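Shared chain: chain A. Partners: chain B in the first complex, chain C in the second.
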Partner chain A sequence: MYSSIIFKEWLKTRRVFFIALAVALLVAVYVILRTNSLINEHGIVSLWLSMLLKDVSYVDTLTYIPLAVGLALGIAQMVPEVAQKRLKLTLHLPFPQLRLVAMMLATGLLELLVIYLLQAGVILIYDATIFHSELVGRVFLTMLPWYLAGFIGYLFVTSVCLEGTWYMRILLGLVGVAVLLVMFLQPTTMAAYNYMIVTIVVFIALITIFSFGSIARFKEGHQD
Partner chain B sequence: MKKTYYILFLLLSTAVLSWVLPWLYSLCFSERDREPFVSYSPINDCFIVTDFTNDSKAGEPDIFEVDPVTQTPGRHYTMDERDSLLPEIFVGQLSSKGQMPDSIKGIEVTMRDIRMNSWIFSSSPKDLNRSVPTVYPLMESMPARFKFEDPEVVLTMPGHVEIINIESNSLDETKTGRFAKMFADKGFSFPAKEANGNITTRKSYDNGYLIIDGDNKLYHLKMQANRPSMARIPLNDTIVPRHVFVMENADRLLYGLFTDENDNLYAINHDETYSITKLNGVKFNPEKDRIMIMKNLFSWCVKVKSGNETKWVALDPDDYSVLAVYDFSNPTSLSKESRKWIFPFTISFTDVDDKYVYPRVGDWSWKAVWLNIVLTLIVLFAARGRNIRCTIGKAALTLVCGLFAFIPVMLMKRVAN
Partner chain C sequence: MLNNQESVISVRNLTQRYGKGRIIYSDLSFEVPKGRILGLLGKNGTGKTTTINILMGYLRPQSGECRIFGESITEMRPETRARIALLIEGHVQYAFMTIEQIEKFYSKFYPKWKREAYYELMKKLKVSPNQRISTMSCGQRSQVALGLILAQNADLLVLDDFSLGLDPGYRRLFIDYLREFAKAEDKTVFMTSHIIQDLERLIDDCIILDYGKILTQMPVDRLLADFGMYRFHTDGDIALPEDAKIINPGKIRNEVELYSFDGIDYVRHYLDSNGVMYSDLERAPMSLEDAFIGLTGKY
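Entry: the complex of A and B
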């Protein structure tokens, strides 16, 4: 049953997954090409000094890409459930509902993780060849909140989609937008979220409850 | 699960509004900081205050002198009179009118003298309260050609010295060996707590780095002809340096400044013994306060802004004795006062004094308790006849968080029932 559920989710999301993966990797390649071009134009010393003295990370192009990927994957996974009224059918599967929703979310989160790891990996491996390890670590810490924002965006989209009433969808959406704004308060400052990373990870674990809550409300008949 | 969902959503909405509402409020009622411009006059030996808060007539600030002993306002001046009292600041204005004096305090002054002996130093908490890499670019202090060039190597001091070649991103073993020997000879303790340098090619000379080591010893490091030049700066045992600032001013009077753990400010004189002079009357915590030092031939004017309080201290440039002190307190604005009646606290994620993002709860105000009580009564009235435990929970949350909880509680009323 587990593999069937994962396969069902994969069928829904595979197209968006591959498009998102391609976009993410293309952006990563663009970041590398741009950095390479800057090295050719100004020299590697100039890049080191900008990074050390001016907080330039050279990865700002991908600031909103992880969020866009998270939102797209969430929509691709959950909108068919709602739009084609499949959710009722899904909830009638002979499988514990909590575990069912957990499997759905886990599939989506895992797909996001794969995309994010590949994108970050490509950039960081390249950076490691030209920058000191501490600077590579700082680039990673700068990108990390953007990827965490992608997970947050995904989880809010799933909870909004699984919610049965427009009133609650709007409330969830407004709170989600406010939370996502927090994730981009200092997008250009390197390692600005260092003190908050653990809090964000705990927060991500907590907001998975919203999707379970939306399903619980749906089952109780809270639908427009 | 549903109960946890409602509680979590209510708490999250309350937290979000604790951030959004005060932010919107400050956006609607933003105010300009109208701190006066204060400088020490070598003509009448008084602080000259240019106050923008009480404009005497449209566009004209109120300008007056302050008695250096009693700090009371004295004679008022026009802008032209002010220019003449501060010739080292308004040198351009006076020269354009042919009013620049040939001598001040019996000392002959030229434009060049003024330019060579004037500098401004400033530091803001934001410069320190941020994630800083511990990789330090090393400039060649004695370049082969006249002009400075960009650094080719960087220095790291985690547990030992490493000199990394930027071009190849690899260890420069020759230089690392030389620097490691020098650090060992000078008794440097790792890891370094702080290092400060001024990495730019647009300067007339290079003072390298001032470094505080693991045992709070202060060092001066430069790279000259690809070799390290390092000196330990002798400090009194009672002085524990906290923050250092390298200076490369045209007058070449100082290597830099440093503060100690008691927020005293010291100057490191540009002499062979690295003598230290305490700047009397100045208390400065670089992590919380802003400082601006305007130095000229006749005085140091040190401005330290700490929260709502700003203090100016004029120092004698020869022996750093205090010439005059002026204190200014920024009055609390009506909008800031009225927000205390509305918001019991606020959450913010950023601060003007640092470059980090994390939640910080502050601005606690007991004045908002009255509004909180009224809102709690409304919540109790609206929830009459419903689940008593749930009602008590919502009322308690509203009593503590006021408007921030009231809005989501009322919005969730039709959802949670």
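Entry: the complex of A and C
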């Protein structure tokens, strides 16, 4: 049964997954080429100094990419589920309903994680060949909030899709937009969100509750 | 209860409203006996789909109790859900799957899965196993949904408006397969349809819902035997006083039509005692649809 549930989620998301992965890797390659070109133009020392002294980030091209990937994957996964109230079919499956929703979300989050790890991996492996490990760490911490924003965007868009009433969809959507605005207050400053990474991770764990709330309301009959 | 058989679905004092507004029905009670095919009939807005949504756990009723296989629907276990096949209005299925993928997907959930029942029906459709459901016609999708229901081999089949969007050929195919399956395997079926004449070939028992209440619940053959449509000719204007046993009288020009459970002698007595001048009083042949119209009225 577990494999069947993952199979269903994969069928819905595989096209978006591969497109998103391709885009993410192309952006990573672009970031590498751009950094290379800056090194050729100004020299590696100039790059190091601007990163250390001016907090300049050379990975800012991918700022909104993880968020866009998260939103696209969430929509690809949940819209077929709620169109024509197909969610009724899913909730009728002889499988514990909360576990079923948790598995759907886990599949989506895992796919996002794979895309993010591959993209970040390509960039960080390249950076490790030209930067000191401390600077590589700072690049990672600069990118990390963008990836976390991708998870947040995914979880909000899934809860909005699973929600049965327009009132709650708008409310959840507004909360999601507000949270994401906070996540991008200082988007290109290096490691600007260091002090609240743990808080954001805890927050991500908490907002998974929204999707379960949407399902609970659907089962109560809150459907437009 | 229709007879002394074991009940598969039991509904007690169910009350439901549209939000906080109009009551859909109050204190609705009925049972669906094991091994019977029961049709829930009613005009639009009488609560047929609402009842199915409540029974399947997609809507919490304002009050009342529903049990399926003796288990409260609010705490239905996955094992009990495995015994119920559900057809959603419009034959909705996972349209992003192919014929082959959807069979593989469902087969893992149901212990009594009968793969051959599904593929036997798919052969008749002459579609490729790799064809995506979203590219099929409504009629073909209905056969996929039916094939999945047959393969699930559930004890209870719940079908919400199976005839929606189907042409007569597919409706007939659906009905013939379903009836043969249900009778051969002793399955219980609870269904709704807005095309009453389809159900006449299919159902054993019917519940006729009107706004807010059940008008009748009985076997179809008994309904058609006991409930009569009476016609007579009259000259000029006549008044037909209200009578609890005379249902939905209507007059078009000089022809009058009325319905009753109480036989032609009672109708004759009613007309005579009210001084109605009439001729050619007869009990007209009646279909289930006529009986439905007779009970619920044309408007």
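A few points about this structure:
We take it that the second predicted complex is superposed on the first by the 223 of 224 C-alpha atoms of A that agree within 3 Å, B and C clash if a C-alpha of one lies under 4 Å from a C-alpha of the other, contacts with A are read in each partner's own complex, and residues count from 1 in each chain.
By definition in this document, a residue touches a chain if its C-beta (ideal position, glycine included) is under 8 Å from a C-beta of that chain, and two chains touch if they have at least 3 such contacts.
Because the structure is a prediction, the values reported are computed rather than measured.
Once chain A of one complex is fitted onto chain A of the other, the partner contacts of A:Pro94 are limited to chain C, with no touch recorded for chain B. Once chain A of one complex is fitted onto chain A of the other, the partner contacts of A:Asn194 are limited to chain B, with no touch recorded for chain C.
Among chain B and chain C, the chain that touches a larger number of residues in chain A is B. Looking at the shared chain after the overlay, A:Pro80 reaches chain C, while chain B stays out of its contact range. In the superposition on chain A, A:Val182 contacts chain B only, with no contact to chain C. Judged by the touch definition given at the top, the superposed model places A:Trp48 against chain B, while chain C stays out of reach. In the superposition on chain A, A:Ile130 contacts chain B only, with no contact to chain C.
Taken together, the two complexes place residues 220 of chain A in contact with chain B and also with chain C. Against chain C, the residues of chain A that register as touching in their complex are 1, 3-4, 7-8, 11-12, 80, 84-86, 88-89, 91-96, 218-221, 223.
Those residues of chain A that touch chain B in the complex are listed here as 44-46, 48-49, 51-53, 98, 129-132, 134-135, 138, 141, 145, 165, 167-168, 171-172, 175, 178-179, 182, 185-186, 189-196, 199, 206-207, 209-210, 212-214, 216-217, 220, 222. Interface residues of chain C, counted against chain A in their complex, comprise 53, 56-60, 78-79, 81-82, 84, 86, 88, 90, 92-97, 101, 104-106, 108-110.
Here chain B touches chain A in the complex through residues 1-2, 4-6, 8-9, 12-13, 16, 19-20, 130-131, 133-137, 150-152, 154, 156, 164, 166-167, 169, 199, 349-350, 355-359, 411-412, 414-415, going by the rule given at the top.
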